[in-house]
Amino acid sequence: MSTSRTRLAASTAAALAAALVLSSCGGSKSDDGSAAAADSCVDTSGDTIKLGFLNSTSGAMAISEQTVRDSLLLAAKEINADGGILGKQIEPVEEDGASDPAVFAEKIGKLLTSDCVAAVFGGWTSASRKAMLPVVEGSNGLLFYPVQYEGLEASENIYYTGATTNQQIIPAMDFLASKGVKTLFLAGSDYVFPRTANKIIKQYAAELGIEIVGEEYVPLDSDDWSTQVAKIVKAKPDFVFNTINGSSNVGFIKAYYEQGLGPDTSPIISVSIAEEEAPAMGKDVTGQFAAWNYFQSVETPANEAFIEAFQAEYGADRPTSDPMEAAYTSLYLYKNIVEKAESFDVDDVNAASDGVSFDAPEGTVTIDGENHHIAKTGLIGRINAENQFDVVWSSEGPIEPDPFLEGYDWWDPSAE
Amino acid sequence: MESFTTPLLTGTSTGAILLIAALGLALTFGQMGVINMAHGEFLMAGAYTTYLTQQVVSSADVSVLLAIPVAFLVAGLLGLALEAGIIRWMYHRPLDTLLVTVGVGMVLQQLAKDLFGAQGDPVREPGWLQGNLTVLGYHWPYTRMFTIVLAVVALGGLAALLKRTRFGRQIRATVQNRDLAETMGISTRRVDRITFFVGSGLAGVGGVAVALASGTNPTLGTSYIIPAFLVVVAGGLGQLRGTVLAAWLVGVVTAFLTDWFSGSTAQVITFALVVVFLQVRPQGLFTVRTRGLA
Amino acid sequence: MSAARRTPLATALRGWGGLLGIALLALALLVVAPAVLSDFRLGNLGKYCCWAIAAVGIGLAWGRGGMLVMGQGVFFGIGGYAMAMHLKLEAAGPGNVPDFMQLYGDGTMPGWWEPFRSGAFTLVAIVVLPALVALVLGYAILKRRVRGAYFAILNQALAVTFATLLVATIKQTGGFNGLNSFPTFFGYNLYDPVNKQMIYSIAAGLLIACLLVVWHLGRSRFGELLVATRDAEERVRFLGHDPANIKLVAFVAAAVMASIGGAMFAPIAGIISPSDVNAAASILLIAGVALGGRASLLGPALGAIAVGYGQSALSESFPNHWSYFQGALFIVVILLIPAGLASLPPRLWAALPRRGRTRKAATA
Amino acid sequence: MSRGRDYLEVRGLTVDFDGFKAVDGVDLTLLQGRLHFLIGPNGAGKTTLVDALTGLVPGTGLARYGAHDLLGLKPHRIVRAGVGRTFQTATVFEELSVLQNLDIAGGVHRRAWQLALPRRGVPAYVDDALDAIGLGDLRDRPAGVLAHGQKQWLEIGMLLVQDARVMLLDEPVAGMSAEEREATGELLQRIGRERTIVVIEHDMEFVRRFADTVTVMHAGRVLTEGTVAEVQADERVQEVYLGRTTDAVGVDPEAVAAEAAGEGA
């Protein structure tokens, strides 16, 4: 009897294997890699339109991404109060990316194919965007991504409303050159954005005649910077270019001041410390610099209105920062494109997007229909005693986005 | 010379924090066989206690000193609650304790996020710790030297407790033979509780050192727990000497590797070194009992 | 002596019962689910199946072998990255290098990527690579009689180290972003719903296959020996077996299953990154196994599916509280029902007052 | 295999625990076909001697069995060489049935790959062992429910299945009733004809009834060796158990207590 049982197991396994082979044969092999996307399921018949807000409200990134969610909800509320998009009220569908790229990929799939939203707004880390990219392309959806990033990307299905490298990194370098900086030290977290940014910085520095006197990375979650800062002390650079991410900054700033450095010896220029982060450094960081496209201190009527509305909604102590402003702007840009296209259809939106502009808090921004980035002004701010940024330098007007740095002849992507 | 002194000194102060974290573990794990994965979160609790003390007592000069006993108490009480609420039901299931405390750690971490935000909060160092001492070309911050002092005090206190006090003798008796200790009139339940209190409290003290070195954040425990366990494992059980040496070595070796290569590479190589070390010297890693093979 | 006569029958039934359970699961996953679930939900279920495959291995190593494998993310990652590398190279086309190497590096490809152009090599590597790593590592650790907590800690340290290594090797592995954007899977267009369903079926089928393997091992002498090693390792030594070898086999088997799970995860999730393979991901796998019942046949798989589903569903309704749920799950399950949910039905069954049984016993 | 050809030879066996010599230069020759008893007061080194012979603690000297020096082998190799042991507290696999316990001990009869196969039927060597230990009726019971004495028998049965030519038994009758002791003794005599059996024992009654040879150990050394009568007559033995009658040689309070408990049960 036991023999027959084993045979049965064997035959079950064989049957399963056969089923697997059959199911594989059931797959359809298409000739090329072009997207065989399902037809859009977006419902535009009613008087509301569904939009997906996909930000991490849990996990390590929640603190940053929640501020973006807040701005998006504010923008949606304002637009709805003003009559909606093409007369339709925005119906936000909120999802949590849980600070995990795989979850972002899963959730944007849900938003686009299951909830049938017309567009998705969100993402923060490059990892989350890279994870969403194939999904949004595969289902021919739309994603508005509101954070400065490392560039070298342009998807038909993504609009990038944060800065690309030639709108943040390169202006920062121009600013350093204008200050007569001769030596520069690079400190970053060990991941894609700092590595890519530093690759650009090194090539542009060679062009500008700035000498790179050191380049150090620590793992993303590491707080201990003492060894690396000792190298900065030894190198005595004119400036430190800081591409460190998130809470690692606290350990870095701490070690930097403790080992006797300061804005009068080797000042820091950061690309990830904004209004939100500056007071959380544990040290008085007055006099240090940051490169962004928006500061709370920017003086435009639109910014005044934005800050007032935001603080009325969420509290007078809440600062506004660049990614928040970029997210807020992204929803208005979407409204403007849709109203120009008079359609929510992705292909119609893409056809209409070139040249659409919006009077954003940071100033007027305009979409480049070619690469789906927006023209932005580069700003350098200096931290004051109130942890606000005094704008000390600005690019000459908005900079056209150039994610692949094609307009910069010193750029050699294949060089180290 | 600088290329030698810098990693040596930074490594020593990193090793000091590691040592305080590992001392508590050596006590709860080494003496009681309980693997408390929430130990890292007790460290985090100590760090936040430092932050909160500073909110109440605004003078950083005083508040940090005040934070040391308070952090010891807070983390110790957390440990006591953990022991009384969960662990005491599970002494016969050490591996399961590990998992339960992983769960406790997750809850504590999320709690810290909800209470204090995920971003982390700054801790100012007292005026008397501002500045640095230049040793052979390295500007050694006083805060970093302070962690070493703290480690030495914690070590000395623990050693004195174990070797000189009646309670220390009770702990050792309980560890060596629980049944016999009980027949000798020692309340092993009480010994367990106090051991856990002290071990967890030490994590709180470690938290003060961490807060001074890099501020607070809800996940800071996770970056210390594994290295601290590796220190206890490599140091050998029930051996304070081994723990001290292992903590210092892990700190210094990591610092040198970081100096030569990068932080990430250093982590990888340090782990490999510990595994290789265990191949060469697995002593203390296993006990073989005879007569009743249970 | 009715007990003596009845027990072999019960044992036989248990054997059949296991098979029946697997058959029911196969029916649910391969027939019912594709019929009733939307493409999106089916894709999610496919992801859970990948975790379940790894969980089945954990059930073997931990539930039956007593080795708390807290670093299975490493093997999940080996399989996942091996598959992802192949898919990246497939997307790049013959002679080309993956896009991210051009973006982040100097456009040259490390030599060890080259063999993964071959689909056959990749499939072999998905099985052989984790087996080799587990063999070397397991041999080093287990032969030194490192066990219990030490084993668990070293395993978790390994997962931490592995993730650190991945994050730090941006030009070789994509770093923190991991590998993503796979348009095709062995020539099949991954955007086509038909092909998505096919890949789901393969993952579900592999899960069933792994369950059959564990079912078989559970009935084999090896299965008995493994459980015996868990309960009394030294005693097994005095039966003339080296417990390290027995555990090594289970460890390697678990590693291979985790790798297979990872290999299917990459095309289904569309991404594999360090956060899918680090210590936290490894612990999530353990959570599923603990919930379902570590030593039971179907428990680990069902538990992993449940945890995966719970994470999706709960994070939809209570975004901030998933961590609490996960933590509470560990505490409640391990403390109160250490044998997992699988142990509840038999216990309830036993608790029920049943007249029939008593009468039978009385007449026996 | 003819009687008396097989033997275990121990020469100068020493076990050193950080300077404390638990076993100190022991010489023994253990012949097949006899029941050897190892007696001595607590701490005499009896169990440590067995531990050393079975690879549980490291020892120096020589322990030759057939072509092997046991001291250089790992525990499972020693078992494979034909030397098996039991422990003071019976260690059977409580969740497995009696039959499974016996079967699991049959590793020596199988190649490694055969482990991957499920059991089919009952192998002859398991059946034989089951008969020998008289637990045939309980073969499908979980070993956990067995009485203390039955567990000891099961352990002896497992040694039979694993084909142990040398059996080292650590107090196999402790806690047994008089009838059980008798049955155990007879069992040992039966299976001992073709094997080398060494029993560590405190119960002198049992020793007198069944021992062919008695070795008395004291403080890690062999005090004397011989028949029961010879040993009892030895003055040094009486000295070791000072203050007790020869009748009570080797009976220590712990064993008395255990005995009382066993008989009371």
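Going in written order, the chains are labelled A, B, C and D, and every chain counts its residues from 1.
We adopt the following convention: a contact is a pair of C-beta atoms (placed from the backbone, for glycine too) under 8 Å apart; a residue touches a chain by one contact, two chains touch by 3 or more.
Since we're looking at a predicted model, the values are computed, not measured.
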- What clusters of chains are still held together by touching when subunit A is ignored? one piece
- Message: Looking at contacts between chains, which pair has the highest count of C-beta pairs?
- Response: A-C
- Farthest chain from subunit D by C-alpha centroid distance is chain A
- How many Å are there between the centre of subunit A and the centre of subunit C, using C-alpha atoms for each centre? 34
- Task: Between subunit C and subunit D, tell me the centre distance in angstrom, where each centre is the average of that chain's C-alpha atoms.
- Result: 44
- Message: On a C-alpha centroid basis, what's the spacing between subunit B and subunit D, in Å?
- Response: 47
- Out of subunit C, which residues touch more than one other chain, so two or more? 164, 167-168, 216, 232, 234-235, 238, 320-321, 323
- Going through subunit B residue by residue, note those that touch at least 2 other chains and give them in order. 113, 222, 262, 264, 267, 288, 293-294
- Item | Residue list for subunit D, restricted to those that touch at least two other chains | 56, 91, 118-119
- Query: Which residues, counting only subunit B, touch subunit A once they are in their complex?
  - Reply: 2, 6-7, 10, 13-14, 113, 117-125, 131-132, 137-139, 141, 143-144, 210, 213-215, 217, 219-220, 222-223, 255, 258-259, 262-264, 267
- Message: Under the stated contact criterion, what part of subunit C meets subunit B in this complex?
- Response: 66, 68, 140-141, 144-150, 152-154, 156-158, 160-161, 164-165, 167-168, 232, 234-235, 238, 279, 283, 286, 290, 320-321, 323-324, 326-331, 334-335, 338
- Query: subunit C touches which residues of subunit D in the complex?
  - Reply: 54, 56, 74-76, 79-80, 84-85, 91, 93-97, 100, 103-105, 107-108, 110, 114-119, 137-141, 158, 162
- subunit A partner contacts - residues on subunit C that touch it in the complex: 12, 15-16, 19, 23, 26, 30, 38-41, 43-44, 47, 91, 102-104, 106-107, 164, 167-168, 170, 174-178, 180-184, 187-195, 197-199, 201-202, 205, 208-209, 212, 215-216, 269-271, 273, 275-276, 311-312, 315-316, 319-323
- Message: Help me check something: in the complex, which residues belonging to subunit A touch subunit B?
- Response: 60-63, 190, 216-219, 221-224, 226-228, 230-231, 233-234, 247, 250-251, 254-255, 258-260, 276-277, 279-283
